[in-house]
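Consider the two complexes below, in which subunit A is the common component and subunit B and subunit C are the respective partners.
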Partner chain A sequence: MTERGALLPSNLPARRRIGTIFYIILLCAALAGVVLLAVLLADVFRQGISWLNLRFLTSFPSRFPQQAGIKAALWGTVWLVGLTALFAIPVGIGAAIYLEEYARRNWINTLIEINIANLAGTPSIVYGILGLSIFVRWLGLGRSVLSGALTMSLLVLPVTIIASREALRAVPNSIRQAAFALGATRWQTVRAHVLPAALPGILTGVILALSRAIGETAPLIMIGALTYVAFVPSGPMDAFTALPIQIFNWSSRPQKEFYGLAAAGIIVLLGVLLTMNAAAIWIRYRSQRNLRW
Partner chain B sequence: MIRAEVDLASDPVPSISFASLRQRRPRWHEKAIQTALFLCALVSVVTTAEIIWILAAETWHFFRQVPVASFLFGTQWSPMFLPRSFGVLPLVCGTGLVVVGAALVSIPLGLGSGIFLSEYASGRLRGILKPVLEILAGIPTVVYGYFALTFVTPLLTGFFPSTQVFNAASAAIVVGIMVLPMIASMCDDALRAVPQSLRHAGYAMGATKFEVATQVVLPGALSGVLASFVLAIARAIGETMAVALAAGATPKLTLNPIESIQTMTAYIVQVSLGDTPAGSIGYLTIYAVGMLLFLITLVLNLAGNRILRRFHEVYE
Partner chain C sequence: MVENSKPPQSGAAAPILSCRNLTVRYGTVSAVQNVSLDIPERQITAIIGPSGCGKSTLLRAFNRMNDFYPNVTTTGEALYRGEDLYAKDIDPVEVRRRIGMVFQKPNPFPKSVFKNVAWGTVINGFRGNLAERVEAALRKAALWEEVKDKLSQSGLDLSGGQQQRLCIARAIALEPEVILMDEPCSALDPASTARIEDLLFELKERYTIVIVTHNMQQAARVSDWTAFLSSGLLVEFGATENIFTRPQKRETEDYITGKFG
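For the complex of A and B:
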């Protein structure tokens, strides 16, 4: 390092030119993401927009492309995400509070932390195998929306925990110390001061975790979410299908008409996800504006 | 003086006896909440334990019928047809082909984007690029599969007419696009964690911006950058829907990217879509392949997270 630093060549114009070329290469790399997103969206819209209408949203799947729709898939996704939120949010936030506010540095807490980091990187299909073995077979819940939601909860739990921990960590220590100084217990401090301050960040993380649950396909295929479902689930033990499964099913058919249906399904799916993303960004923006410290 | 003492004593508020402060009353309420929160955290450990237990138990059943060596080193994978053969190498080869292709796409683009975001982009440009990357990262994998099938493959066929309808290359390209945002944002974080003083030192030595970026900042963030590559590769290995849709279902030992192949994940999906009876040898294969997949990604994730932690310790 010192040698190189001492021997910087003196031909500055040439070095600047290399810098400019490097800048242009980097700019292209950075813009590649924008271009790819634009191409992907254009491709989907070109093929799907003509199939997207009210009938598409309110019809059940059919072998005839003209009559097929996503009613069952849409309601299946609503059920799935609702139940997943019910399980994953309390457990995820609870775990995050424990790890940030209570845990001391000892081997079991270190183990939990390493374990969460690894679970976040475990392939989703492995969660599918887990769900199939534990919920569908061992607990006998069958191929129900409840099995799907439990599997999905385990899948999004690490993401929820990691995001919630970051939000809790961002709360300054002075707030905790002030509460302790007034004689509050740890839980009183957390409930009345830390948690409200961290709420916008936690909410953002939760929304992003749930949008992951909406788009995830592989675990649902593993636990056997049916692809041909001509009814809306009326309870947690009902069979179900979900939007990404319906899209997968249509995409894997040889007939080209179904590609259009798949594209229309993707537009709906991306619409839902972008709305959730926008909500998360809006919450983050608002909370940054109202920051009191 | 005396007057003040009397006032204090008659005031009910400061009548705290210091003995009671020191005395620790058991707070059952607090204890119960702490235990409940601990149990929440324990759910994740139980999840891992269950994953390992289930995969290990069923893989054990599998290996009672199929020798370990013929699974790991066999070159023929045909568990559903007679004569059955359980050599996993074709699936590993298929996964490898997709992962190498994805790395070729995502590492240069991701690292380039990361350097650009951290060292060059103005605040406004950053404000556009970051959300775009976030959206790209949030697009479901099944959508990428559709994109591979209806856009990338026809494009490839234009360049290489012998491209098959299902091929490793188009799956590799979309998997590369999929992990690009992850590499970009992790590299961005790593580069931004390098202290500003190092950059200033570089400029003071008369280095240009390019020289500071590549010879000071990048080496300073090297472990963080490497960690992003390792974690992205782990993610590409586990990627399922895009390869299930676009890469095909023909397990074979080939290095030709425009041929139809099958990855480990796509095989698991194929079996679960069919009606293989539970407990049969064909059904047990998904656990054996799943175990292999889990172990590979576990090793990569452990390594990646370890590098990342060490990196954080350097600058924090």
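For the complex of A and C:
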């Protein structure tokens, strides 16, 4: 070794060892979530798969496990999410467009922004209390699927707004400038160029926000969604139940068979969630192909 | 070709664009200070100067694109055919329809070639034969032959030089009287640059062109008039020939001979 090299003590083997150790620690951290989820899934499938069949999907709940099904809860969730989407999507996207494209920097807009960020972190039970006092009692909508959907809309609105703003912000400014320079008004610019370019990102965010609504239980219990419903809601003013509530109900029964039903219900719930997330990924993939700057 | 070093003043044809004591500030910093100049019709006027001298800001003052930056204040006058572009009753949307712009980096919309050209006319209420209008604009931008078979392809599939000509076609489709160009060739290779420069000569038959450029050879090649800006101040303005062969100011001479900038 030359004299120059000798000046620097080359403890390379030790440095390499530390690198390897950290590599393993980081890998474990990355695997922890996935492995736990896999174990959980395996357990749920082991318990529930034998209960999962067409009869389960098309029957109403019953005292007798063999006859009990998830139809009312599944349709309740469909109604709930459908109505939530109807309220939350236009309001959420509208608010995001206002904040990103129109709002100037002033105290009132800053206040709105801070509030939205805080609302995104508010516990869902708080939204339940809000829904109970405003929609169920004050507006007199009762314990209806409409009350539930309005409450869920409030819950997912901040997330929808934040995701939509991110998507709008990702649209390069050069596109806006190009449109303005052609004598377009702000709305024409947003409508024709900014919104279409941001739509994949917005839809992804919206679907993820709605997935959250599907899994939420606390606010629904708060506003009094029923646990035993032997019918499918036929209108927005009907009483309803939803998948997580039905699962919660079954899992708190003493009879062992109901655990199996709860597990089967979880599989259905996960199936719905996975389908929605897959849709989000598909939309993003499909529309990104023709969007390059 | 032009003898005097002053642009045509009142007496000759009235300038299409001019500014009087124009100052543009970002917050408290002046990017353009007290600039007065007249831009003659159907000629090419180049604005040159070192980076950060305010040449792009000056250009954007002419179609109110500075409005989009927060904290920008514009004082003095910017006149279009004698009308103050910053008057209270002037709608900036109308200004931008009449005074087109081409940007530094080609920025076609992520839509078809046809839609890129057609959109501006449609939103401004054009209800005639769109196909004819688009073809005419693409021909004037010397792009028709290259894209006539791919009008439905994305504008982003074209080469950089073609994209920039598409952006020029897009501006031309509105039949503006003035086209502002903000370093339109800085992102292009020499061959594409040459094509754009050739195009500028054709366009000046019909349009007034104001071009900001970093490239002094380009200014010398294409422009009839040259304004030299430094630190937001207009140092010298005159016929390009004179600016490049007999500059009146020492600073101009230093810049064009490459001593600074």
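Brief remarks follow.
Criterion: the second predicted complex is superposed on the first by the 283 of 293 C-alpha atoms of A that agree within 3 Å, B and C clash if a C-alpha of one lies under 4 Å from a C-alpha of the other, contacts with A are read in each partner's own complex, and residues count from 1 in each chain.
Just so it is clear, a contact is a pair of C-beta atoms (placed from the backbone, for glycine too) under 8 Å apart; a residue touches a chain by one contact, two chains touch by 3 or more.
Computed from a predicted model, the values in this text were never measured in an experiment.
Within the superposed three-chain model, A:L130 lies in touch with subunit B and out of touch with subunit C [touch as defined at top]. When the two structures are aligned on the shared chain, A:L182 is found in touch with subunit C, with no touch to subunit B.
More residues of subunit A are touched by B (comparison of subunit B with subunit C). When the two structures are aligned on the shared chain, A:T77 is found in touch with neither subunit B nor subunit C.
Contact with subunit B, but none with subunit C, is seen for A:V44 once the two complexes are overlaid on the shared chain. Shared-chain residue A:L99: touches subunit B; no touch with subunit C. Contacts of A:A197 after superposition on the shared chain: subunit C is touched, whereas subunit B is not. Contact with subunit C, but none with subunit B, is seen for A:S174 once the two complexes are overlaid on the shared chain. In the superposed pair of complexes, A:S147 makes contact with neither subunit B nor subunit C. According to the touch criterion, the shared surface of subunit A, contacted by subunit B in one complex and subunit C in the other, consists of residues 185.
Across the complex, subunit A is touched by residues 63, 65, 68, 70, 93-94, 96-98, 100-101, 103, 105, 107-110, 119-120, 123-124, 154, 156, 167, 170-171, 174 of subunit C. Interface residues of subunit A, counted against subunit C in their complex, comprise 104-105, 172, 174-185, 188, 192-193, 197, 290-293. Residues 4-5, 8, 12, 15-16, 18-19, 22-23, 25-30, 32-34, 36-37, 39-40, 43-44, 47, 90-95, 97-99, 102-103, 109, 111-112, 114-119, 121-130, 132-134, 137, 154, 157-158, 161, 185-187, 208, 211-212, 214-218, 221-222, 224, 244, 247-248, 251-252, 259, 262-263, 266, 269-270, 273-274, 277, 281 of subunit A are the ones touching subunit B in the complex.
Contact residues of subunit B toward subunit A in the complex are 27, 29-30, 33-34, 36-45, 47-48, 50-51, 54-55, 58, 108-113, 115-117, 120-121, 128-129, 131-136, 138-143, 145-147, 149-151, 177, 180-181, 184, 205-211, 213-215, 231, 234-235, 237-241, 244-245, 265, 268-269, 272-273, 278, 286-287, 290, 293-294, 297-298, 300-302, 304-305.
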